[in-house]
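Quick one: the structure is below, and I'll ask about it shortly.
In this document, chain identifiers A, B, C and D correspond to the written order of the chains, with residue numbering beginning at 1 in each.
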Amino acid sequence: MIFDTQRAIAWINRIAELVRADVERLTTLDTAIGDGDHGANLDRGMTAAVDALAEKEPETPGKVLITAGRGLVSKTGGASGPLYGSGFRAAGKAMRDEGDVVALSDALEAMLRAIEELGGAHHEDKTMVDAFAPAVAAFQQAAGATADMHTAAVAAAEAAEAGLAATVPLQARKGRASYLGPRSVGHEDPGAASTVLIFRALADVTAE
Amino acid sequence: MKKLINSPDTVITDALRGIASAHPELTVDIENRVIARAEKVPDKVGLVSGGGSGHEPLHGGYVGHGMLDAAAPGEVYTSPVPDQILLATQAADSGAGVLHIVKNYTGDVLNFRMAAELAEDDDIRVVSVVTNDDVAVEDSTFTAGRRGTGGTIVVEKVAGAAATEGADLDTVARIATEANERSRSFGIALKAGTVPAAGKPGFELAEDEIEFGVGIHGEPGRERGKLAPLHELVGYALDAIHADLPVDGDVLVIVNGHGGTPLIELYGAFAEAVAWIEGHGARVARNLVGNYITSLDQEGFSITVTLLTDELTRLWDAPVSTPALRWGM
Amino acid sequence: MKKLINSPDTVITDALRGIASAHPELTVDIENRVIARAEKVPDKVGLVSGGGSGHEPLHGGYVGHGMLDAAAPGEVYTSPVPDQILLATQAADSGAGVLHIVKNYTGDVLNFRMAAELAEDDDIRVVSVVTNDDVAVEDSTFTAGRRGTGGTIVVEKVAGAAATEGADLDTVARIATEANERSRSFGIALKAGTVPAAGKPGFELAEDEIEFGVGIHGEPGRERGKLAPLHELVGYALDAIHADLPVDGDVLVIVNGHGGTPLIELYGAFAEAVAWIEGHGARVARNLVGNYITSLDQEGFSITVTLLTDELTRLWDAPVSTPALRWGM
Amino acid sequence: MIFDTQRAIAWINRIAELVRADVERLTTLDTAIGDGDHGANLDRGMTAAVDALAEKEPETPGKVLITAGRGLVSKTGGASGPLYGSGFRAAGKAMRDEGDVVALSDALEAMLRAIEELGGAHHEDKTMVDAFAPAVAAFQQAAGATADMHTAAVAAAEAAEAGLAATVPLQARKGRASYLGPRSVGHEDPGAASTVLIFRALADVTAE
């Protein structure tokens, strides 16, 4: 299986679909410990990403991700816009044209690094990083073991899901939820929840 | 949800249309969401601020002589995007560099940072000052740190006055930083505001419950408590401020309404604030009482205290002419 | 009832203490409830207004250069008493006579009339102008007639400017009368305000209901209807105004919040008002958008339209410096 | 029976008591078709009247009523303050020192005239006049028939009560209730309700 231009576009489109379907859930999560806009933000940003791809179809998978990232940055706003947007741009820059599972793995790792660098969040700060980091690790491990893109993506989605669940007992140290102090405990982090969607979408578009 | 709106999607565009019509001295780019002074002031350091909408009159209401040159309003409670901030920065730039006044929220900080990078590609020198005056949030290098709230108005006013006097970018940034460092705020809410797109309030409170230590985005505060007489609430807020930065000497006090609280109550709160501050040996030398940084229709108030210096007092008193703040001209 | 108060009994005293501290340029007699300019202007016609409290910034917020000389705030939603109005009249008098600007409510009219009689015993010449701009109420000689609402601000502003220019009492009264006759208002409420002493809202509405044609005292309006998009509500209000006094030529528009409605919504309403008015071939030459005559924490808005003349425009533009209205100086 | 200084003071005190006991009812009536302050207004005004009498006890029944009226005017505010206040002052001026039933009857009539003149309200405008006018008429008639002050006062109170009931179907033409137009129909007028208290108090203090 190749992560080619078509598949990259399919990934972005699929993320947009999953986000659209879950707008309310993301918003509800963000209402509890943030400001209630994560669903709307990401929906707006992913729509911009999809539109940007439709307007001028890029020629390489890397350029797809860069274009999507730019769309996210230019329309999302909030914390998640620059984080995911820069993330996708970094992924696109790291993505090699051959598009094998190793190239995708490297791209995902670059995405994680970009998010970490820009946001400065660490493990257990109760952010998207808590879902993204284990997802990337699981992808890498599964990719090394099986060399199968779909298997790796499914493993990543599962790890993201587990990472999301693990945010519940945490007290937030980054993002708006940190203002709540101890009252941030007991809730899923909205950004971790949207990260799950990103990896679930990857599993979906690598299914065959 | 009952609101005076056409639809949740048009709230910001409709408000920008209104601002454009109401204030011909401003140029409002409705599509790109930039509010700027109609005429550039040559050779002046430009001042740009921005952030989520829903805090009106902040920031658009502070664009004008003696204060901001441009503002970038985002979606409701959502920071603006880099392109938009870049446009505002270009509108504010007249060659002497631009100061970004950024409230300390991850989204605002990141989007302004990206915009500053883009502006540098345009050879515009940008310096950013991040406001973080809200003592309700513990300040720590391991966290997102404190929120920027009412102190932002003080920063915008005195930095604007300094720029208008002809100060260079570093001086304006120094003054903005000092105003921020000498300002502290604390907010208390009786009822959360409702984001139009969300359709329901940010939190629900029982008839006798209130939230202590709220920010400006309808989020819950640091603790829930019981409704109490006004002088106790004011005392709670000022105790929190005082514990962080002792209230001393001549101070500027802003008693700010969250949007759904009437002026008669804010004046009552100000009376209690004066009593508390004078009781602690300080003097309320300057004040603002009213809705200056709001949270949609939230009921509640915040108190901001700035420890004045002669320079800050002079800059505060300098003429200003914006939709929301006007004196001396 | 959730309010930022010490107790229902102290609301007005507490607010007056706050006003006194916030505005050293005013003299506030807290015991007798009179807000006056600290310095009398010699030989100027004095301007006095007053009425129930709960409408802040009206009227105390309009005391200052270019507008009122003194205000008499009554209990919440209750007209002031004659002694109090007499004191305000004495404070405003510098020998050139005093204009009473009275909103048309039986209580206000009667108490001001009694005060005027008492003032005449003091050899102060008093002329009264009664404002009655609210088209929601049918005007008839057989009834109490129309209420005075937003038009009162226009009357106070232009009469104050005329007096400041040195016009004599009859001229000031003539201008005040003309401003009133050329002004019309209409209000719509989404949620009633709560009088502190009553403890519950003036009326209850279902989630989709609103009141059309409300006044400024939390009373129900002339009919109950369904919540609709903002442009329809604005159209309803302006249709009612237009049916009574055709909107034509250059107009001043005040989009006024009732106290619990945020500025972002008022700007949206103003945008729709401009669209309606321009669609009818008139021009919005001047405007105010904000909380200028409120009903405690009521949610809603009113629109006031004044048909300008060159004289009224000039007087509107004249410098003013009060807590709530400030420009040109 | 003589309407002397003591009885005049007792009347004012009794009105104050009845108003205090009924503050909430008067306020509720005024909330429905007015601005919800009639109870508080009159309570404040009657308290001022009682205080004024306590401070410097007047020597004649007429001066009692004038003092009470001044207290009402100086503290009540609203429409009812000047109306009742001027009314009591007019009653006091008309009151003759002999204090017989005819003197009282004339004083009550003067009070009615003052209220009508100041407020300009007519029969069936849905105001206090709709209770006050029939009460005065009934007092005069009963006084003429029996010459007994208590009988006349009881008749007046009953007529006021009937007048109050008769305000229910009316559409208000004066006062704040007039702003409601047809929506003012179906409610008792608050001022008519307080007028009932004034005459009930008179019946109480003339009981023996």
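We adopt the following convention: contacts are C-beta pairs under 8 Å (C-beta built on N, C-alpha and C of every residue); 3 or more make two chains touch, one makes a residue touch a chain.
Fair warning: this is a prediction, and the values are worked out from it, not measured in the lab.
J.: Please state, in steps, how far chain C lies from chain A along the shortest route of touching chains.
T.: 2
J.: Averaging only over C-alpha atoms, locate the centres of chain C and chain D and give their separation in whole Å.
T.: About 32 Å separates the centre of chain C from that of chain D.
J.: At what distance in angstrom does the C-alpha mean of chain D lie from that of chain B?
T.: A distance of 55 Å separates the two centres.
J.: Report, in whole Å, the distance between the mean C-alpha point of chain B and the mean C-alpha point of chain C.
T.: Measuring from centre to centre gives 29 Å for this pair.
J.: What topology does the chain contact graph adopt: line, ring, star, complete, or other?
T.: Topology of touching chains reads as a line.
J.: Could you please specify the touching residues of chain C with respect to chain D in the complex?
T.: Chain C reaches chain D through residues 52, 74-83, 105-107, 110-111, 113-114, 136-138, 142-144, 147, 195, 197-198, 202, 215, 217-220, 222-223.
J.: Can you list the chain B residues touching chain C in their complex?
T.: Those residues of chain B that touch chain C are 2-7, 10-12, 14-22, 53-54, 56-57, 61, 190-191, 193, 207-208, 210, 227, 229-231, 233, 255, 259-272, 274, 284, 287, 289, 291, 294, 296-297, 299-301, 321, 326-327, 329.
J.: Which residues of chain D touch chain C in their complex?
T.: Result: residues 27, 31, 33-37, 40-41, 44, 73-83, 86, 118-119, 173-176, 178-181, 183 of chain D touch chain C.
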